[in-house]
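Labels for the chains are A, B, C and D, by order of writing; each one numbers its residues from 1.
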Amino acid sequence: MIGGNYPYGGAIIMAALACVNSGAGLVTVATHKDNITALHSHLPEAMVFDMVEKDRLSEQITAADVVLMGPGLAEDDLAQTTFDVVWKTIKSKQTLIIDGSALNLLAKRKPALWPTKQIILTPHQKEWERLSGLTIPEQTETATQTALVHFPKETILVAKSHQTKIYQGQKIGHIQVGGPYQATGGMGDTLAGMIAGFVAQFYTDRFDVTAVAVFLHSYIADQLSKEAYVVLPTRISAEIARVMKEMSE
Amino acid sequence: MIGGNYPYGGAIIMAALACVNSGAGLVTVATHKDNITALHSHLPEAMVFDMVEKDRLSEQITAADVVLMGPGLAEDDLAQTTFDVVWKTIKSKQTLIIDGSALNLLAKRKPALWPTKQIILTPHQKEWERLSGLTIPEQTETATQTALVHFPKETILVAKSHQTKIYQGQKIGHIQVGGPYQATGGMGDTLAGMIAGFVAQFYTDRFDVTAVAVFLHSYIADQLSKEAYVVLPTRISAEIARVMKEMSE
Amino acid sequence: MIGGNYPYGGAIIMAALACVNSGAGLVTVATHKDNITALHSHLPEAMVFDMVEKDRLSEQITAADVVLMGPGLAEDDLAQTTFDVVWKTIKSKQTLIIDGSALNLLAKRKPALWPTKQIILTPHQKEWERLSGLTIPEQTETATQTALVHFPKETILVAKSHQTKIYQGQKIGHIQVGGPYQATGGMGDTLAGMIAGFVAQFYTDRFDVTAVAVFLHSYIADQLSKEAYVVLPTRISAEIARVMKEMSE
Amino acid sequence: MIGGNYPYGGAIIMAALACVNSGAGLVTVATHKDNITALHSHLPEAMVFDMVEKDRLSEQITAADVVLMGPGLAEDDLAQTTFDVVWKTIKSKQTLIIDGSALNLLAKRKPALWPTKQIILTPHQKEWERLSGLTIPEQTETATQTALVHFPKETILVAKSHQTKIYQGQKIGHIQVGGPYQATGGMGDTLAGMIAGFVAQFYTDRFDVTAVAVFLHSYIADQLSKEAYVVLPTRISAEIARVMKEMSE
């Protein structure tokens, strides 16, 4: 997991909490060095290193099944260098999830070549506008599907909005749960972490696995909202393992 | 939210916990850089940056609906510079909540011009003495109303004491709950954070919204005091979302 | 509260948790600067500053009703300088609780003059040996009472052991609860924090107040031990407010 | 406890949580200095110092009954120097538990002389390969017993795998609980900490004590897995004291 650049350290903490609680197994985080203590105070289960260490970053990317880049990555020089290391290092067997500010960096670069076809994009509407060129009102299902042609064929798009939809080629998934109690900052980071945790662990159809992660994220928020006017992302992460157990039975 | 200057880092942590748990949505904190890790260890949901970064501070203020300045701000050079950036940057559409040491800085400056009329002041008695010139025994309802004439007409005053009162022009609200179990340091910071969270989210009459925040703060303390001889501010914040849900039904 | 010098930062964290949860109201901690973030991550309710700031230390001591010096203070140069600032600054109206390594510093200094008569000492057996000259087998009730003659007349001695006893002049209090589940490091720090919190808040007879704090500390451990083979000091602090409520009814 | 070198700080945090919660009494941790705050934010009960301080390290090792070296120790220069200090300082009365990367350092050094015969090794299969020369398929019970001849006679081997086994001379213990919900990083660190806590506290047969620690670790994971699809190491540590109580009755 790569992110939590200054001053967005909290984003990768929330993503990592979601990922570990989803059952990812071994989670390694590259983040701003000033963020390491805060992350470990939440989650000693994750290995964490300073994002400026390019060699270690390459090595860890190479060892990973799934790479999530973006929660709190920012867009400064360090973010750009880090993006380039990821792009250069990742291989076709690996899944790359691109979230948050990494989507903006992607929009600027418009790469002709992709290091892997196993791409998952998790933009909110404004980020999808930058990526697709579609303004928010233009983001119909058809227009979005057409825009996806410019990405590798198997790309999964998690188009976050009040009614999050999941796209892959001609398939579209709709989520029927969720609500305004989900407005707290960090919901997207938590979702990205859950998707990473699910994709790393379940080897059935990637579209389905992503859809399940998106569904559970909203389902847990929904359940929590029955007893709380506000649902914090970290509270969602605290419930993932319990709800996965419930669902698995 | 602006505060938590050395050695008062805990104050802005408590204010931010209250604000996020009240449902503010996106919360950004400017604080002393040594306080960032502690804040993130409580609350990865908040974005946090070093208060010395004036450009970022201006930018974030400009992007905000509500600005809370003061919990643990201190009165040193950094606090004064920060106060000035806020004063210069804030616009008439924005709500400015002034709390803690920012009230003392305000008392010293006696500004002739106010950047916004949407002001909420949250002094305890000694801070109100400095602001109004009224000694504590002189702080009758009438005298306080008269003193308020020197502030923008729509100013809301939350006059904290054993019996907190809320003033706006000729309106006065009284809170009937609360008690000595509330004496722990940080209660005021928590209250300021709740007011910020409520004002940012509910667009009905600002006086009413403030009164509800003040009421709920004491109401939760009251409820908790039934099972605890001492009520910590952070325990109040942990209950806000649940009690808001209860009330909303 | 003064302590938590390197590498004993945890000690003052535990003492402060106990003190705030006992209802001390406003708690200020002087500690090693590297310990501030860890303390705030447990307890934003406390104001915390760097122990090397002598002016601030003097100022804060002057403002306090009760000063607890010692949990994790160590015995290095910084500890000694800090001890001297406390000794020079404290006044006869103030209560001084001396714990942990501050007791060893006291044993070395053998002061002829005491800045206040309101002294509470909380040694374990080895510390009491250094202070009184009595080896552990010699520490009978009579010998201990005789040794107390060399301290200010109103001094309260909390002689910690498997069967903690409290002495003041001819009075002796015995605690009938407690057990081996209390062996975890930090129990003494937690007790010192509770005594500080109780003395700061209850103005009846100081001997009785101290005895109640000592009793409650062991009583809570006893209760917790019914469901746990090991009782951590921080778990005791988490129960103080609830048990105080229970007892107060 | 020695470990938590950069970037593996979380490992020693988890080991220390397990150790203190097992009832070790006084726990001292030598770790990378950047890890001290995170450790204290989890566990003020432990005394923690910077692993580069060789004199303090020697002194603390000398004062200990049990030394656990390895969780997150890494294999860099600092790790190697630290390993050497331990090897030179430890005495025959002391128990030395070797875990994680310290096992790799041990494999490289192939020491002819051991400072103590009271050795506990806790390798996973790859680490045991490096230590014993047996490839994973070759690690049969007989081959493992034969390889153990090259270690001090009383050495206990905790051979971690899906079916962890405990060896000492001709004795072999099998654990019948455990499952895939235990895959999260840090399980081994937590187990090592539990073994240290048990060996430090129970003076019956060391093989039995180790076996009980290994059993309880898996037993707790098993219990937790009834309500959670994923079991985090830190959740296991949070249950140790309760389950020990349950078992002791």
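Descriptive notes on the structure:
Convention: a residue touches a chain if its C-beta (ideal position, glycine included) is under 8 Å from a C-beta of that chain, and two chains touch if they have at least 3 such contacts.
Note that this is a predicted model, so its numbers are computed, not measured.
Residues touching across the subunit B-subunit C interface largely differ between the two copies, under half of the numbers being common to both.
The rotation relating subunit A to subunit B, fitted on Cα atoms, comes to 90°, given as a multiple of 5.
The geometric centre of subunit C is 34 Å away from that of subunit D, both derived from CA atoms.
Inter-chain centre distance (subunit B to subunit D, centres taken as mean C-alpha positions): 49 Å.
Annotation for subunit B: residues 37, 41 touch two or more other chains. On subunit A, the positions that touch subunit D within their shared complex are 20-23, 25-27, 36-37, 40-41, 43-50, 56, 240-242, 244-245, 248.
The touching residues of subunit C, when paired with subunit D in their complex, are 6-11, 13-14, 17, 34-35, 37-38, 41-42, 181, 183-186, 225-234.
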